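Two complexes follow with subunit A in common, the first pairing it with subunit B and the second with subunit C.
For the complex of A and B:
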């Protein structure tokens, strides 16, 4: 899986491309650890190019969510492909994760909270 | 003309009739004639004993052009019949500016009641031309007339009256409240310096009216003066000063550049919000950006159901900003709250859920509202609190399906490997969302024990369990599920075979290629089609030799699909497989073949495709033209 990180503003944008499974999930956690080490705790994951996700991939996302919570931060997801949406529905993880249709919507949600 | 005069004469006589209908018809008809005689008739009718006729006459009079109506109606203002007098005044107000000169003409009549009535009427007309006359009446010998003149000047709202109102304020004590109110209504900042002076008094009535007037003028320059009164010992004065500040703040988009002792006024402000006062609500919610504290949080919870949806969202966001402290306080209010507020509280707390909050929420899992129980199950599960396990297991037996569903899903988030046997029970639930939630929980756990469970269930007698097992194995999606899914390619149920093939393609394990190739011969068209697509995903072009025999499949649509799939590789090496189908007896196959060959760049097919350009079927002709265009483009 390809992981691109755009760590410029207040929210760190992470773009995932490929399959999110055990191996790539571990890589993702390591990549995010580097971000956390920079005291960043607002993460947006763009899943637009994630074609496949399995139990282990979900487990990685859940563990990232736990880490974000510990750091009193925020994690948002966007651009879920229909299969990824399906797996989020059946596991009801959509109740835990903040999921947006588009990245723009997700990022603007950070702005509105900041503005207030 | 004579006829008209004669007719109006007849109508005027009918106004004296004892027959109500006859009088009504006369008034109705007189309304059509805009002549002095007709107007005079209508004026007479406003004294008619019947109220319906009087109203009808007044309605017609208010629409009449010319000055006859106001000229005549003005005399009714001194009428002893209060009904006729009020009706005349009402018509004069409706006529508006045209009445003003006639009212001013009579403004000095002897009867002070009539003078007052004229002044009141001028106030209702709100015409700037009456300002001078009204200013004169500020010095009338009768105090009622004076007070009415001050009020009327406030209604007219002209800054021309400021000096006169200030002067009368200083000379006549009895008119002071009205003069102050008028200055406020005029809303001109030139009055402010006077008002600042006037409110420095011990007379509370003058202070109230002055502060209110300053607020109504709405200038931010008054803030400093008003802020002094925020600390006044008299609560009414300080609250009035705050109300004036609120008016100014709302006038200036909420910008205030000094601190207001908000805690002192929290009762006043939140009562205003509760009573749905839009000014106070807007001001209070604007202050939430910088106003925190226990009282505020409790008050915000109290007013949540008094405000509209937009303000509710703002309050929730504000509470969210407070963070975990708000959560603890919100939880303490939870039990006594309405279902609506409980929902809002949970929505806020959701952002801060941790083990401590989850422990407190466990105390509410027996809430009588199933929607709340469902939310609680999700929230407790999302805390990953180990003690949540027995609670969620209990909730998985709730009488309401949605609650059971949430509880099963939450058990999955806790990733409790030892609970697989418990979760399997959920697959027998009567509701599909509960069954799928139990499966979802098992997917989250995804261990070999779970895979083994689903593997067995795939061949369980229950078709629903078979469906869920195939779906779940695909979603677990690691190497441990490949073998069970390969076994499922031979499942008796068509849907299981199909979904297993799709899952295997997604997982992308090469062990699946040969079993899927076998499925190309499946009796089911849907399975064969899935097998083609899956092989394309798994093998790309290498699958073509395996699928090419389906070009002769018994099913037209499988043949069609296979041609399309091969064409999509855009490899001319495969054109030999497809070329023969240019002469297929089915038009749809010939069309697909032309398209596929053009994608492959097969120029050898051009002469044959050319012949189709004259076919009797328009779709064939179109496809031929498109294929030739593509092939020509490649030359």
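For the complex of A and C:
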């Protein structure tokens, strides 16, 4: 899996490309740890190019979410393929993740929170 | 009837190899769309279960996957060299919402037409995943 990080503004944008499974999930957690080590706690994951996800990949996302919560931050997801979205629904993870249709919607939600 | 068999050492790097192999097998047999995604997911869950819980990532132990494709079904048998796996699967509870593991068998159950768990003579777990394909193929292509 290819992981690209755009860490410029208030929200760190992470772009995932490929399969999110046991091995790549571990890599993703390591990448996110580097971001947390910079005291960043607002993370957006763009899953547009995730072509495959399994329960190990989901587990890594849950782990990241728990870390974000510990750091009193926010984690958003966007651009899920319909079959990925379905897996989130079946496993009921759609109830605990903030999922947006597009990255623009997700990022603007951070601005609304800041404005409020 | 088309049959194919793959054998993997129990190392985490082989998860990706297994996904490449299954993708190639499905592409060769013109299985695409939702059916491909769902079948890959189920086999991947069974493989991870065999790798982590069955063979406990012991590189000396192997995982065998046997694929069978007929006009009506697409099957995968995922066999490990562990012990007591069937008891563990039977004892499994629904995972907590914030749990980082434990969703695999639920996903297999949801997506497959049927699945059967058994133990072979050596005590290894054999998970048979069956997809009835005629209706799916019409819907997915």
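Heads up, the rule we're going with is that the second predicted complex is superposed on the first by the 116 of 116 C-alpha atoms of A that agree within 3 Å, B and C clash if a C-alpha of one lies under 4 Å from a C-alpha of the other, contacts with A are read in each partner's own complex, and residues count from 1 in each chain.
As a working rule, a contact is a pair of C-beta atoms (placed from the backbone, for glycine too) under 8 Å apart; a residue touches a chain by one contact, two chains touch by 3 or more.
Predicted, not measured: the structure shown is a model, and the values here were computed from it.
Asker: A:93 in the overlay: touching subunit B, subunit C, both, or neither? Say first, second, both or neither.
Answerer: It touches subunit B and subunit C both.
Asker: For A:23, select first, second, both or neither according to whether it touches subunit B, subunit C, the two together, or no partner.
Answerer: second
Asker: Identify the overlap between the subunit B-contacting and the subunit C-contacting residues of subunit A.
Answerer: 19, 21-22, 52, 54-56, 58-59, 62, 66, 83, 87, 90-93, 95-96
Asker: Over in the complex, which subunit B residues touch subunit A? Could you list them?
Answerer: For this pair, the touching residues of subunit B are 289, 314, 317-318, 320-321, 323, 353-354, 378, 382, 384, 405-406, 409-410, 412-413, 415, 436-437, 439-441, 443-446, 471, 475-478, 506-508.
Asker: Residues of subunit A touching subunit C in their complex?
Answerer: 19, 21-23, 52, 54-56, 58-60, 62-63, 66, 83, 87, 90-93, 95-96
Asker: Enumerate the contact residues on subunit C facing subunit A in the complex.
Answerer: Result: residues 12-13, 15-16, 19, 34, 37-38, 40-41, 44-45, 48, 51-52, 97-104, 106-107, 110 of subunit C touch subunit A.
Asker: Once bound in the complex, which stretches of subunit A touch subunit B?
Answerer: Per the touch definition, subunit A meets subunit B at residues 19, 21-22, 52-56, 58-59, 62, 66, 69, 72, 83, 87, 90-93, 95-96, 112-113, 116.
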